[in-house]
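Should a chain be cited, it is by its letter among A, B, C and D, assigned in written order, with residues numbered from 1 in that chain.
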Amino acid sequence: MSHFEFSREPFTPERYRSRVSDPVAGGYASFEGWVRNHNEGRGVQRLEYEGYEALGIKEGDRIVAEAFARFPIAQAHCVHRLGVLGIGDLAVWVGVTAAHREAAFAACRYIIDEVKNRVPIWKKEHYAEGDSGWINCEVRTSGAPAGSALP
Amino acid sequence: MSHFEFSREPFTPERYRSRVSDPVAGGYASFEGWVRNHNEGRGVQRLEYEGYEALGIKEGDRIVAEAFARFPIAQAHCVHRLGVLGIGDLAVWVGVTAAHREAAFAACRYIIDEVKNRVPIWKKEHYAEGDSGWINCEVRTSGAPAGSALP
Amino acid sequence: MAQLPTDGSIAVRIEYFAVLREHVGRAQEELRTTATTVGELYGELDRRYAFPALGRVKVAVNDEFRDWSSPVRDGDFVVFIPPVAGG
Amino acid sequence: MAQLPTDGSIAVRIEYFAVLREHVGRAQEELRTTATTVGELYGELDRRYAFPALGRVKVAVNDEFRDWSSPVRDGDFVVFIPPVAGG
């Protein structure tokens, strides 16, 4: 079973708690990414996550496998939300358990960093002014149909 | 209101979620310490936490204040359990929110490290063999009344 | 893909995501190409659609990341991956 | 503490936690002492109770950490803090 999954519906970390519970674990480190009300100085009203799911699950699972290889951890799991999200909504959750907290923290940090860098997920922010943009793609649209971008 | 508290009853992190929620926060890092079934090679059946509460709350709150001074975080809170705990029970929870995950992770790590080192809490482990010991105090008892220790 | 090609071209399926999906105006298409690498295929599509400047784009074939010099074969499923932004 | 002392001694309250509580056999006591620092007070109690070897013990007076050379005054509330083990 993959240690990485997508969720098209809102979810709570508690739902996945059993995936990381372990009687040998003394430490549980987690990270949650929430939709915040601003980014780079602009007011954000909502955002959309789009994922290439078949490859994303493979790449996410590889990342967690790398964490298992690098750090002495007991369990690890990551869930990334897809779809339209509002301010404060949970976008991603990483949970890691380990006998000792150093490994739990290090692996949790590794997983979220790599997921953000490598898993094929795209984020479109909708701003207070009505425009929107795909983050990291430097293309902004004002709601008009796309097609006028320069080569 | 102090950013550190003790709980004599079992608690869930969800209960304190509102203490760290913040619309500017894009990242939530948390740590939970759970009772594990072993320590230093010995089977653990249960443990007790005893706290010097009046000083513990002050020192815990100072630690969180230090985290606020050192890292650009939005909210932070820590709760430590007291009393008798079984395997898998939640012993301590630290939650930190921040605009960016680096600060959330760093502050969360700082708080749990300092709490473990500085807050007056003591842990007595009860082992599978029937004996018990106060951790870090190098005194083991076999259930007999105390009083025979050497000067 | 029922008809056999006579010009040496192959049939591939492309799926577009995010900024590329919006730019092209569709989520996927099947097409015939004489490209032999995924890099050539991207160039061919870029000439047709004038993709926006996107920084470092990656490519996947049959749901695995591949180098730009990887071959493209008949029946392949190809995805061009704009810079990601998870989390 | 109703009677005024005539020997220069002071009244203090001690609370014991964890291994010290079990060793002494009680959670707290009030006592009179001629100690002038918390370090002297600890020495006096160690002679009486033969505390176990505990590594680095700290001390708090009136719910604040203090140096071992801090004065102890009439009415003070003193806690000796064995090595902690939270988390």
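Annotations
Here is the rule we go by: a contact is a pair of C-beta atoms (placed from the backbone, for glycine too) under 8 Å apart; a residue touches a chain by one contact, two chains touch by 3 or more.
Treat the numbers as computed from the prediction; the structure is a model and nothing was measured.
When you average the Cα atoms of each chain and compare centres, the chain farthest from chain B turns out to be C.
Averaged C-alpha coordinates give centres for chain B and chain C that are 52 Å from one another.
Annotation: 25 Å between the Cα-based centres of chain B and chain D. Here the CA centre of chain A is 28 Å from the CA centre of chain B.
Centres computed as Cα averages put chain C at a distance of 76 Å from chain D. Each of residues 87 in chain D touches at least two other chains. Counting partner chains per residue, chain B has residues 33, 101, 112 touching two or more of them. Under the contact rule defined at the top, the touching pairs of chains are A-B, A-C, B-D. The touching residues of chain A, when paired with chain B in their complex, are 14, 21, 23-38, 87-88, 97, 99, 101, 104-105, 108-109, 112.
Chain A meets chain C in the complex at residues 33, 49-52, 54-55, 58-59, 80, 91-92, 112, 115-124, 134-139, 141, 145-147, 149-151. For chain D in complex with chain B, the residues that touch the partner chain are 15, 17-19, 21-23, 25, 46, 50-55, 60, 63-65, 79, 81-87.
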